[in-house]
Amino acid sequence: MNVLVWNENRHEKKNPVVSEIYPKGIHGAIANFLQEEHVTVNTATLDEDEHGLTEELLNKTDVLIWWGHIAHDEVQDEIVERVHKRVLDGMGLIVLHSGHFSKIFKKLMGTTCDLKWREADEKERLWVVDPSHPITEGLGEYIELEKEEMYGEHFDIPSPDELVFLSWFEGGEVFRSGAAYQRGKGKVFYFRPGHETYPTYYNQDIQRVIKNAVRWVNNANTPTPVYGNAKPLEAISKK
Amino acid sequence: MNVLVWNENRHEKKNPVVSEIYPKGIHGAIANFLQEEHVTVNTATLDEDEHGLTEELLNKTDVLIWWGHIAHDEVQDEIVERVHKRVLDGMGLIVLHSGHFSKIFKKLMGTTCDLKWREADEKERLWVVDPSHPITEGLGEYIELEKEEMYGEHFDIPSPDELVFLSWFEGGEVFRSGAAYQRGKGKVFYFRPGHETYPTYYNQDIQRVIKNAVRWVNNANTPTPVYGNAKPLEAISKK
Amino acid sequence: MNVLVWNENRHEKKNPVVSEIYPKGIHGAIANFLQEEHVTVNTATLDEDEHGLTEELLNKTDVLIWWGHIAHDEVQDEIVERVHKRVLDGMGLIVLHSGHFSKIFKKLMGTTCDLKWREADEKERLWVVDPSHPITEGLGEYIELEKEEMYGEHFDIPSPDELVFLSWFEGGEVFRSGAAYQRGKGKVFYFRPGHETYPTYYNQDIQRVIKNAVRWVNNANTPTPVYGNAKPLEAISKK
Amino acid sequence: MNVLVWNENRHEKKNPVVSEIYPKGIHGAIANFLQEEHVTVNTATLDEDEHGLTEELLNKTDVLIWWGHIAHDEVQDEIVERVHKRVLDGMGLIVLHSGHFSKIFKKLMGTTCDLKWREADEKERLWVVDPSHPITEGLGEYIELEKEEMYGEHFDIPSPDELVFLSWFEGGEVFRSGAAYQRGKGKVFYFRPGHETYPTYYNQDIQRVIKNAVRWVNNANTPTPVYGNAKPLEAISKK
């Protein structure tokens, strides 16, 4: 399985708080723990040519992980189209945290993907609400993060096909933090945590979820629909 | 309630078969039977200024009905954005037949909305699969259309929030013919039948469904979410 | 529309705290505010003959509201079957608070309907997560209850067809507090708040939700499926 | 992984047509092709002690496959409770064909699970409607069965969490033929084909679906919720 971790990689260059937590970038940290899963992991970032998302690389990518925040607008529409097409063709997509506002996520959802937010070093507790879901494998009843950014409802997304996690925040809000969708032959998983100023991607449970999600969104040679004009499979009576 | 029936209105101008069936246009036929419902009905067409979809008119529209086919590309992106915003703000949207490929429907779904199709004067039977759904009020177990265009699976849409009708086609295909979605504060209903060369919109059951759908997608003063930076509702501990 | 409010009515007889809050019983309080809706409201309680749920009364009931807690086991299985059949035949059902453990709710859900709970006078905040849903008409972004019993996830129910409210609790839990289902021709809405020792059913927003839910679960003359052996509608080829 | 194939095994004893097609019983045929999957397969039948479903055997079973038809009533309620509990605790369940009327399926669904049916040697075509679903791995766009019993809508089940297949029948009906559900920690998949007088379980595509479903319903060490009275995780203010 080929996993590609895409990161905007801008906070890391500008903000020493972030680069201290993630010296190899958020993409580096995620790629690092995914390597324990016996999958091939590559990384790509915004400032590379074609944002590092060439046709060639995408075509052999099974699962794409997306982290972006302050530069969503700089992602070229043509590349967004390319990723969109690949998702519908079966490439799994995991959208993390502030990626909720990425062009690719908004395009796949059809809504604004807007939400409430607050940076206040507050506690987040993610409750498992679907204990049958493979993405929860190996977890306890909840994941606790001592400090995170708050995201609060209403989260303007379509009703998830599968709702896996609900977050409780110290400041009084709740959030649908783990939301799974089917789009074409592809599967999409949105996972809330991961603000750049916290070491969230070093948390073992968070890593567990992302590892599980990689396996869950990975498509398994499912059928490719044929579209367009179709000959009848049965005789049609003359009337 | 203000209902706006939008029609591309091109087949009617070019194809005498169509203009004979729908002398006042498909929009005229739909507007005509909706007037029985004690709602205010307006119509708009592609070739009007701003396609007849001015900010002013959309802002007072509760439910928009959309029929388009051969000129989806001529609908200006700016107008699509305008309609999209109104749907998320609570305007109901009913997309009919070949409107599956309209810009607005594809934008709301996030998928290609592609399908199989065939024009062969074949029989369609729409089975009710959710007999609790208000859109089925007053119907029998199925609706039969002697001749219709075939649309067949796979239909590349997100899994419907509510699946109301399934079609059987003489030539051997099936189709998810009545599919309901929630997007923001708005409700969307896709309804398959209505090829321009058949008198489908004179069928009493088809009219019943569209009348029911108008009531179902009409928003009832639900809450308007507030997005963006939010002050805490509860005290956050210092750590 | 005929609404029937059913209450176990045991706490009211035993606990002066409850009878002081609800001198006419919880059923009396609910019936009282529903009368503002121009519907016919009846009440029934556990200790009546057939628990007040005669065939005759159920057959003319459009919407049944259910509150029970300490005597679920005393509800006769035969009466549960009767209510179950009526729900599948189109009678709307609203299950309140501790009714999550009622025989009828468990039978309709197919799961244990178990949950976490705590009586600690804590704050509950119910967030609207589907602002397109008619059950949220007239509400703000959330409902706040100063003191309520806590119900926490995991709530062992099937994934709701429509998830309307999510609760935040002061003690750190979340809960799917407004959950809508389709069963046969019937609609079911579970609404969490309403512990007997708090005046929750006098809260205007809570009343608004129950009033909205009564309209939402009320079936509108939808089709009655025919089951069993069926003659073909089309000719079947001899092979 | 331990798979247990349960079969009523009555048609095989009474009807030579069936015993000729399935000389080792339907359970034998299913067990046979599942052995290709490198899983441990056991079988059990109605007339064994405890229907072959002892606590000990069920506790070590990961996936249970269920085929029944004419003797649903003979399955003891106590054993149904035992299977139900195991499903909620995470044992996967695959219900085949006439198992739609089994006690365990009706209990998990909460509805009558009734449908239309006809034995007329007619053609069935199962269309894939979710080409992202792992259960469709290795299939084409549809599966064709030359002769099968017809099952037609309305199928009185809750709206599937995931709808995978839709059937077209020669006689004019459609059916939701592959329906997936989550119940507690368990996953349930209903798959329509498999009437006893046809050699359906020798069809390679049908075998593929059942093999895929075995993997899909198999639970992967997901969290076990704790229910009941719960201490607060956060301080609750005194009011």
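So that you can tell them apart, the chains are marked A, B, C and D in the order they are listed, and the count of residues begins at 1 in each.
Heads up, the rule we're going with is that a residue touches a chain if its C-beta (ideal position, glycine included) is under 8 Å from a C-beta of that chain, and two chains touch if they have at least 3 such contacts.
None of the values given here were measured: they were computed from a predicted structure.
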Both chain C and chain D are touched by which chains? A, B
If more than half of the interface residue numbers appear on both sides, call it same; otherwise different. Which is it for chain B and chain D? same
Here the gap between chain A and chain D, centre to centre from mean Cα coordinates and rounded to Å, is 32
Can you compute the centre-to-centre distance for chain B and chain D, using the mean CA position of each chain? Integer Å is fine. 36
For chain B, which residues are shared contacts with two or more other chains? 123, 125, 128, 130-131, 141, 152-154, 159, 161-162, 170, 172-173, 182-184, 225-226, 233-234
What graph shape do the protein chains here make by touch: line, ring, star, complete or other? complete
Inside the complex, what are the residues of chain B that reach chain A? 88, 107-112, 114-118, 120-123, 146-147, 150, 152-154, 156, 158-159, 161, 170-173, 181-184, 225-234, 236-237, 239
Footprint of chain C on chain A - complex, ascending: 125, 127-131, 141, 152-155, 159, 162-163, 166-169, 172-174, 176
Applying the document's contact rule, which stretches of chain D touch chain A when the two form their complex? 90, 123, 125, 128, 130-134, 136-141, 161-162, 170, 182-187, 219-226, 233-234
